[in-house]
Each structure stands twice: as structure tokens, then as C-alpha cells.
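Quick one: the structure is below, questions incoming.
Note that the chains take the letters A, B, C and D in the order they are written out, and that residue 1 is the start of every chain.
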Amino acid sequence: MLSFESDYITGAHPKILEALTRTNLEQHPGYGADVYCERAKEKIRAACQAPNADVRFLVGGTQTNKIVIGTALAGYEGVIAAETGHVSLHEGGAIESTGHKVITLPHQNGKLNAATVEQYLLDFYADGAHEHMVAPGMVYISHPTEYGTLYTKDELTALSQLCRRYELPLFLDGARLGYGLMSLQTDVTLPDIAALCDVFYIGGTKVGALCGEAVVFTRNNTPKNFITLVKQHGALLAKGRLLGVQFDVLFTDGLYFSISRHAIDMAERLKELFARKGYRFYMESPTNQQFIILENAQMEALSQRVAFSFWEKYDETHTVVRFATSWSTSEEDLQALEAIL
Amino acid sequence: MLSFESDYITGAHPKILEALTRTNLEQHPGYGADVYCERAKEKIRAACQAPNADVRFLVGGTQTNKIVIGTALAGYEGVIAAETGHVSLHEGGAIESTGHKVITLPHQNGKLNAATVEQYLLDFYADGAHEHMVAPGMVYISHPTEYGTLYTKDELTALSQLCRRYELPLFLDGARLGYGLMSLQTDVTLPDIAALCDVFYIGGTKVGALCGEAVVFTRNNTPKNFITLVKQHGALLAKGRLLGVQFDVLFTDGLYFSISRHAIDMAERLKELFARKGYRFYMESPTNQQFIILENAQMEALSQRVAFSFWEKYDETHTVVRFATSWSTSEEDLQALEAIL
Amino acid sequence: MLSFESDYITGAHPKILEALTRTNLEQHPGYGADVYCERAKEKIRAACQAPNADVRFLVGGTQTNKIVIGTALAGYEGVIAAETGHVSLHEGGAIESTGHKVITLPHQNGKLNAATVEQYLLDFYADGAHEHMVAPGMVYISHPTEYGTLYTKDELTALSQLCRRYELPLFLDGARLGYGLMSLQTDVTLPDIAALCDVFYIGGTKVGALCGEAVVFTRNNTPKNFITLVKQHGALLAKGRLLGVQFDVLFTDGLYFSISRHAIDMAERLKELFARKGYRFYMESPTNQQFIILENAQMEALSQRVAFSFWEKYDETHTVVRFATSWSTSEEDLQALEAIL
Amino acid sequence: MLSFESDYITGAHPKILEALTRTNLEQHPGYGADVYCERAKEKIRAACQAPNADVRFLVGGTQTNKIVIGTALAGYEGVIAAETGHVSLHEGGAIESTGHKVITLPHQNGKLNAATVEQYLLDFYADGAHEHMVAPGMVYISHPTEYGTLYTKDELTALSQLCRRYELPLFLDGARLGYGLMSLQTDVTLPDIAALCDVFYIGGTKVGALCGEAVVFTRNNTPKNFITLVKQHGALLAKGRLLGVQFDVLFTDGLYFSISRHAIDMAERLKELFARKGYRFYMESPTNQQFIILENAQMEALSQRVAFSFWEKYDETHTVVRFATSWSTSEEDLQALEAIL
């Protein structure tokens, strides 16, 4: 059945499989000490225009959030996130399992507003009562957000400046970063992100890799003994080359960007198709995830012919669903969808 | 440079890469709900002669140990392991990071003796003082052990019976299980393990996969809400098919066993070679890891021409080193080693 | 300086000190195995009309919340609480430090409404997406609440029935339980609480003891190996008699109730006094904590002559402050306050 | 029945109860911000000859070990302790529950030898493999030890110098510190301990208080936001004065030392009594705990007439038991014991 269920319904970009196959019999040391990891790191630093950044490879998004946040916070600290943030809602309590609170603040279109964070910080530090409260220790945002929306460069800059004023590291979850960077409506570049964030990650799993996320520590702020911490979290791949080779391919000849752009092009056409057919959008999304409001019976009928994701209840008779494109979405997929709609 | 450093120096068995490539554009739901995971589970249940077993796929060994142990123990419990056990020494405190003590007992050739465990249990329950002590909640063994040694069927049966008498789950770490099952000197089969253990895993990463371990819960004892727990540990792959496809290939036409057997054949020749050249072995190992005692200057010289792993100090002038074979070790590798020795 | 800062500004009720002094040289076994703990448990069971309840003594409120919640929840579960709940806001992340999320829901006058909880549960179980979410595993309420308000018997019954339908233990934080039970406006008795809750505690620290809280497990639901768990949390007093003697005194001849009633009488007069003087109340409280809205300059002036607690900002020019009475509040204290106002 | 079961079988030194009673109606702020805590801290700093030390009060020994160790270690670190250490064996896994391993080393008469620790450190840092291992982050010793033995000043100095060389904080568990300081066979003073250790605690619970331990951070090394951390651990007493008053009394006119000396005098006579009657000692102890080897039938008979503690099995027919004296042991107790023996 035709599927727009997510951006991880297919395998990897063919060039990745080719590279894995081509290098398969080479003998390399384990745990990320191979030459492909080194090359990939170098290419990522270059793409970020951040020659001193430290790049580390992990396997998945929740794992990355858990490790980055869990190792950055002091015992008395929590992480600030939008109430819609992935770490708040959809990681099975991964952050809390490291002993830390997720301090949730209201969102605006899935985004955390600098003013919202500032008001929270002002209130927190306004009185002496905060000794019995979890202290803010990091700010977490996702870009694109869980609703596919994007921070503008101004918004990101405001958050970054606020964070630096309060000495709070700013962490950007880029599980779908490629789709954000290649959106037609963004003014934020990868070097911008590297300049404005203290740590962020470049998502591979949802942008053409079999698995893998590249964490970038931008300010000489990699946690001490990071390899031991990664090992302790059960996240250190013996065959680290699996990650190195994939990111080496993704950051060769701009592949990460071109496949992301393809997904955006497909998303724009999907958007246009739904709009033309008179569907309502839950939120205006400039990236590869599109959220449509369906009447429940209509949703039921449609789900017999095309796969998509249930997102959330809209009201008693309507539901928000998600259609996602990816590097592998094809013209044929869109034509088939049009026929169905 | 020629390398016998580990069994994870190369990529995956070529059939795995072929299958990943062949199925790459198929669209499948994420998080392990794909058809390849289902097929692989069915084949593993058949190979275990355990039609009711529950099979789950995780990414790596430490992650698997952490999740299996961390989700099995009650808050007041710890896990019994040999002092040489991987969970005791070489996982960066992964078990303790879940809040649980590793209760270490003396080993015999890397193995945990049933009598040793029984004496500990008798002492523990002998007096009332144990309310202030961590209670034993699981027994962890590795097979092959960290020194490449193997439990006999009698030894494993004795441990299993003891554990059942005390209602302690027996957990077998099979990171290198294939090499144990295909050893020339074992009387333990995969169905034996499934019958005697409460939970164990079939290692993929070190036996021909890019990554992946197949956990087998043999007695209707999968922890409740296991998917949420795996997600919380940051171990739930979005593209779960990556694990499903690999184990489907490994358990088709006995590939897991035949490539393990190849590694054993290579190890036997390597052993014979070292013995012929007059080298001393630290421990007699019937599996793919061989531990050699080298005089320190000799070690230094040898390390210029062939890669191997430092293991531990033997005495002031000697060191124990490890040479490992795998599915990808070739005749040429052995000939090159012979030339060097 | 005159103080209404809290209900823990003085020591213990004199009868407690007399009993500690009288029994001081008696030799008793440690860790709660003394005769006073036994007697106190028996008296508490009788007061609760719960002959089969299991009573345990702990030292303080946050410790009790942490242990009760942390030992009740499975790894994949969190605790539901009002967003104003003590465990949500004012325990320094104690719950999260046990690895569990506090799932916050909107409050009504500091209370958690059964309908609010039910809607959350319906939404949670409405779709399949909850495998990536923390599952609700317990409901936490405080009575009196953090704002001094009280559940009616109907409200408590509704919560209890909902919880039993969903097999969620209902936990009542009774840090100030005496003041709730003796309120002039309550229809909830201690036996009601024992019948409706799965676990609750009778606060001692804030109701006349030097320290100590009595946890009551009402349904044969004490966590297994509870002593080890308490020890592990660093909460097992060597001289457990300190808690036993205190609760024995508090539950002899109804002392717990009579001193609570005294505090309520004092609170009613304090309330009447503030009302008479034209002060505004932030919330109508029928217990020993009264929340007054002060203009900021007025607050500043008042704070020079009487101690009270800053509670929260009301608006740019006003602040909510708390005045509390206790067993030790005297006529003279009220007269002095009247003179100041 | 006559009891030598422990040093916490009676209440508090009478002067403590007098002071609690005398100050009972005074109104003081909570959470340790009262004047008695301040006075006690000042007196302890003076007794330690450590004017810049930071003193904090906690409730019990395991709680203190858990908080001091848990807040000092980085995520990748564990604490070194003797295999007989209280944190290793008898705290229900409290340290591991904070996520950290207890790295156990062999003991000598209950003590950790500097040479043993140094060899461990040399081995740990000898090779590159330690990235997969828990790093040593603190050294824990108890003085007196769990067997009543004492470090000499030379031994303590050697440990201290080693720790400073490796930048490992040295933490001394002084649950029974008074008995160590007043031993007839010690050359270690309280100022010595303050000079040689990075953090230690002065036990109250087992030396005449109802409860309470005074933690001394000697080198400007109190963990940041310590109050929040203590709150999070459920260890922040609302009526902090309970601890302040007690330590104020204990450190007024040398009471802590004089009552400890009394216990030592009683222990010396008890020792002499057992020796005279021909009993064997398990270990020579110069403090208030004496370990006697009893034939099992003899133990059984004796336990009918006097209470003592089972310690450990000696062999199939003998058991090690403990007799403890304290501030409250009387001449009459010893005479009664002599009559029984």
C-alpha cells in the first residue's frame, strides 16, 4: 500500500548502501576510531563552517537527546522544552530516566519563544524559593519542530542570546535538520545553527541513512570522558564505521542537502495537492511533514488506501493526521495519492 | 595492516548487504513492526526449538545487557556476575547507571560455577542481616565467556536448576554465541540454551551483522510495556527493518552457524600456528578468541606488523594479548600471520 | 519577631518531648523494630479503622513522596499530579531523580478533578501512539492541597473510583492531614481516606512532631522488601524509636486531632482578622494555611514586623503571601498580629 | 534484657533532650536556617581547626554516604571502597541507586591500604582500555572501620597524599568518629582528619544524638546548589533545628569527646572481661565495637541472656558476633554481663 506514514519507511539512500558494500571487507578498528568517522567529521565541520567543533556519532534521536541532555545537566538541573517537544512527550520518559525533569513551557506553533523562556527565568530567579525547585540547566528546541515548523534566524538568535546571558546551553534537536535547512521558507543555514547553538545534531535516520545522528559540540563543550558515557548508555557501536561511512556519503557532494531538497519539493507538491482538493491544514508547515485535518469517517476511508500517521484528536469528529515525504518519495507516489484523493 | 584485533573489524556478511540493498526501497512501518522482523523472529524461534519464545531486536551488546538486566530487576535487587563478566568490568557502569549493583563472585576460567553461586545464596539467606543488603535478582553469564571459554551442558544445567530453585532468572549474554555453538568442544546447542535460560541473546554484531542482537525471552517473561522501556533507553530503531533484515538473512539456510563455524576453523588453525611456534596461551579457549602471553618486547615488535588487542598485564615483563577470528578471516590472513611469526 | 511563616517554626508538642525523655534510657532494637513503633502502628490502624493496613514510618514529606512513588511505579510509568502539586514543583526534582516523570494536569483550586484525570486517561488510551509515551502509573493528590484547600468526600470518592477502574493506585500526601481532618468545612474522615486511597501518609513534621511521617498502605500493597528500599533511599533511621515514640504520643488520646483542631481555630480567627481589616484572600482556605494578597509596599512594611512566607507574584504590584498557624500558635500571637495590622 | 547489640539502642544524651525541651517553643526558620545550626557549625569548625570548612547537617549515615558520593561523582565515575566498606555491603545498594559503581578493593583489617589503591590506579591508567571502564572518582574510607579498627595518622596521610596526587577526593565516613578519636590507641585527631580529608562526617546517631550527621567539606568543595540536592534526596529536614540543637550540645564543652571516651572506657573493660574469660577476638579493635568468636551452641545459649549482634559466619561451627558500648553503657551493664559470662 502507498505510504506517506513517515520519513523512515524506506531504507537508505542507494549511495550509502553502495559505500557500505564497497568498504565492507576493509579492516578498521572499532568504536568509531575508523577513517570514515574521521572523514565524516571533517566534512561536517566544513559544512558547519565550524573548524573547531567536535562531532560524535550516535545511533538514534531519542538516544541522542538522552545522552546530550543527561550528560550536560548537573544533578539539580532540568531541561527547558516546549510542552510539545519530543523530549517532553514522545520518548517514553528517556530524559526523566536519567534523573532530570523536563521543564515544559507553552509553545507557539511548536516553537519555544525567547520571551516565554525569559519570563520563566525571570520568575524563577525572582525570589528565594527556588532552592526547592529544579534549576533550569539547558534549553532544548527542535528544528524543524514536531509540527514541521521552523525557527527564523531572528528567533534562533534571540534564544541564543538569552541562553548565553543566562549561561544555559542551547541544544537543537535536528532529527529532521535537512528538511529544515532546505525548506523554501527558511533563512537559517547550517553555519548559523553551529554559531548559535552550543550543541545540536544532524539527523541521519530520517534523512536518508539507515540509522545515525551526528552530534556537534560547537564550543569545546563535549562532556568529559564522553566515550565512557556513551558506552554506559549502551550507545557505543562496535562497528562504528556503520555511522562513519553513512555520514561520509551524506556529506560528500552535498548529498544530505540535495536529498532533503527533493523531500521538500515533494512536500510542496503534496501540500498543493491537498489544498487544491480542499483539505484543511492543522498548521502551516514549510518542511516535509504536513498535518491535515480529516473528518473521522473520511480518515477511516482514506486509511484503507494510503498509509499515514494518526497525530492527535482535533475535536469529537475530526482528527489531525500526518503525511510525510522523504528522499525516496517519488512522482509516482504523488500521482497515486492524487488518484486516491 | 593485517588485523586480528577483534571480530568486528570488517563490515557484514555480504548476503546481509545484498538483502539490505534488495529490500531498500520497500516501504515498511517503523520501530520493528516490519515483515522482516517478523520473519526473523519466526526463524529464530524455530532454530531455538522454542515456538513460544518472544524475540526482540536491539542494537548492541552493552545496550542489551543494560536493558535486559535493568528491566528485570526490582529496585532492591542486583545481578550476580563473575568478577570477569562484561557487565562487571567493561560496560562503563551501564548496569549501575540503571540503579543496580553488580554482585561479583569469583570465576573459574571466566565461568561462574553453580557451587559458587549456591554458597553465596546460602550465606545471603543464612541470617537476618540481609535486609540491609542488595538482594540477588538475576544471574548473568556469558557464553562464550570474556576469555573465550564455554560452559558444558552439565554446568549450564546446574546453574539453571539452581536459579529455578531460587526463582532467579538466568540470563546468558551471547554476544559471541555463534562461536560457542560451533566450537569443536561444546555439547551445548541453541535449543539447550533456550531450554535452560530465562533470557539470552544471540549476538549479531560480532557474528557477521553490521549491528544487532536478538534477545530471546523463553518463558513468557518479556517485561511489560517492553517497547516503551526500549524507547526510554534510547534503543528503539526507527528503521527497525535494519535489524529484521539482518537476522532474517543470518537465520536463513543456517548462515549464522556456517559463518561461525568458519571462524572456529580459522581459530583452530591460528591456535595450532601459535602452538607450533612455541607461544604460550593464557587460557585454553575453544572459540574464536585466543589469548597469548607475549614477552613485552616481543609484543612491541609484533604490534608493528599485525594488529591485535592488548588484554591485561600478565607480570612485569609479559602481557596477555588477544587474537580473534571471524566470518571474514581468510586463508591469506593466516598465511600472512605465519610469515610474520 | 512574631512569626506565622510556617507550621514548622517551633519544636514538637511538649508531650512528645516528655515521652522521648521518659523512654530515653530504655534499650530497644534499631531500625523500627521497637515496641513504640509497634504501638504507634496499632493506634494508627485503629484510628484509620483499617485493621489490616500496613504502617511505616519515614522522616520527612519529600522523602516519603519519593519513596512511595519511586517504589510503586514500573519503569515505564509516571505519576499524575496537579501542576501545582508539591511533587511537581517544590521537591527539587525528587521524583524525576528516581527516573520517573511527573505527568502534570491542570488544577482547580489546587485540586485534581476526577474529570480532568479521566479525560487525560481517555486521550492516552485512545490511540496506539502511547507506546512512545510514559504510561500513567499512579495518581498523586495532596490533602490539604498546597493552597490549603480540601477535597470533598464526593470528589475523593470520584477519584478513587476512577483510579480503581484504571487500576491506578491513588496516593494522598497528608503532610498536613490533621489540619484537613479538623477543618470546619470537611466531610472527609481518616477512615474515609483509608478506605478510598491505596496509600497515604499522616504528616507528623508539620503537625506537632519533630519529624516523621506515617505511611499507610491500605490494601496489602506494601512494596516487597520495603525495608531494603527505605535503606537504599537513605531513609531508615537507626534509632527508629524516635518516630515510634512520637506517633505513639500523637495517636494517644486523640492528640493528633486536638492539636490540629487548635491550629484550625487559630486559623479561623486569623482569617477573620484579615477579613475584618479588609485584606483580600488569594484562595478560600479552610485549613491552617491562609493566602493573602498584599500590595508590594505593604508587604515590605509588614515583613519588618511579622514573619510570613512569600508565595508567588500576583501581578506587577501585588504578591501572594502565606500565613500559617499550628499546634503552637497562641492567643498572644494573634493579638500581636492584630496590633500590627 | 541486657543489651550490647549496638550503639543505638538508647535515645540521646540527656543534655540533648534538655536542650530540645528548653528551646522547643522558640520560633525559628526551617530547613537549617536557624541559629542553632549556625552555632553548631561554628563550634564544629573550631573543633576541626578548620575556619573555612563548610558544615552541613544530614539525618543518617547511609543518607550521608549516598548524598556525598552521589553528588561528588561525575557520571562516568565510581567510588573506591574496601570490599568490607559499609557502602559496599550494607546500604541496600544506595550508591548504585545514584547510578554509580562501588569499586571494591581488598581490605586489611577493614582498612584500605594506600598501596592497594595505588596499584589499582596504576593498573587502571596503564593501558588505553579504560574508556570502557568506570573511572575512579573518589576514595571512601570509614574511621573507625566496620570492624572497629583505626587508621594511623601515617596511613591516613599516605591515602591523602595519594588522593591529592590523583585529584581524587578522599571521603571519610565517621559514623562512629567519636569512638575513633577517643580510642586509647589512636594518633589521629579531628584537625588531622579535617586537614587530610576532602570531606568527612562526624556521626551523631551512633554517638549520643537521636539522629544526625555533620558533614564537613574542608576545601571549599561543597557541591553547587547543595540544598536543592539534599531536598531532591528527601533529606532536607523542615525542622532543621532538630539537628542544629543536637550538634550544638554535642560540641559544647567537649561533650562529643567525653561521651565517646566513656564508651571507650566501657569497651576496654568489656574487652578485658572477654579476654579474662578466655574468649577469642575476631579482630583486635581499639574502639567501641568488639568482635568475638563464639561456638554456635555457646552463641545460642548466650543470646538467651544478653542481646548482641550476629556479624558473620566464622566457620561451620563458629560465628562472629559483635558487642558494642556507647555513651549510655553503665557499670551495671558490665557487671551483669560478667555475671552471665
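Rule of thumb we're sticking to: a contact is a pair of C-beta atoms (placed from the backbone, for glycine too) under 8 Å apart; a residue touches a chain by one contact, two chains touch by 3 or more.
This structure is a prediction, so every number in the text was calculated from the model and none was measured.
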Q.
Between A-C and B-C, which chain pair shares more contacting C-beta pairs?
A. A-C
Q | Remotest chain, chain D as reference, centres from CA atoms | A | A
Q: Please work out the Cα centroid separation of chain A and chain C, and write it as a whole number of Å.
A: 42
**Q.** Centroid spacing, where centroids are CA-atom means, of chain C and chain D in whole angstrom
**A.** 33
**Q.** Distance from chain C to chain B - Cα centre to Cα centre, in angstrom
**A.** 50
Q: Could you tell me which residues belong to chain B and also touch two or more other chains?
A: 75-76, 91-93, 97, 99, 131-134, 228-229, 231-232
Q: Could you pull out which chain C residues touch chain B in their complex?
A: 31, 70-71, 74-76, 99, 131-135, 223-225, 227-229, 231-232
Q.
If we count contacts the way the header does, which residues on chain B are in touch with chain A in the complex?
A. 3, 5-6, 8-12, 14, 17, 20-21, 23-30, 59-67, 91-94, 97, 205-206, 210-211, 228-229, 231-239, 241-242, 307, 328
Q) Given the complex with chain C, which residues does chain A contribute to the contact? A) 75-76, 78, 89-93, 96-102, 104, 123, 126-129, 131-134, 310, 313
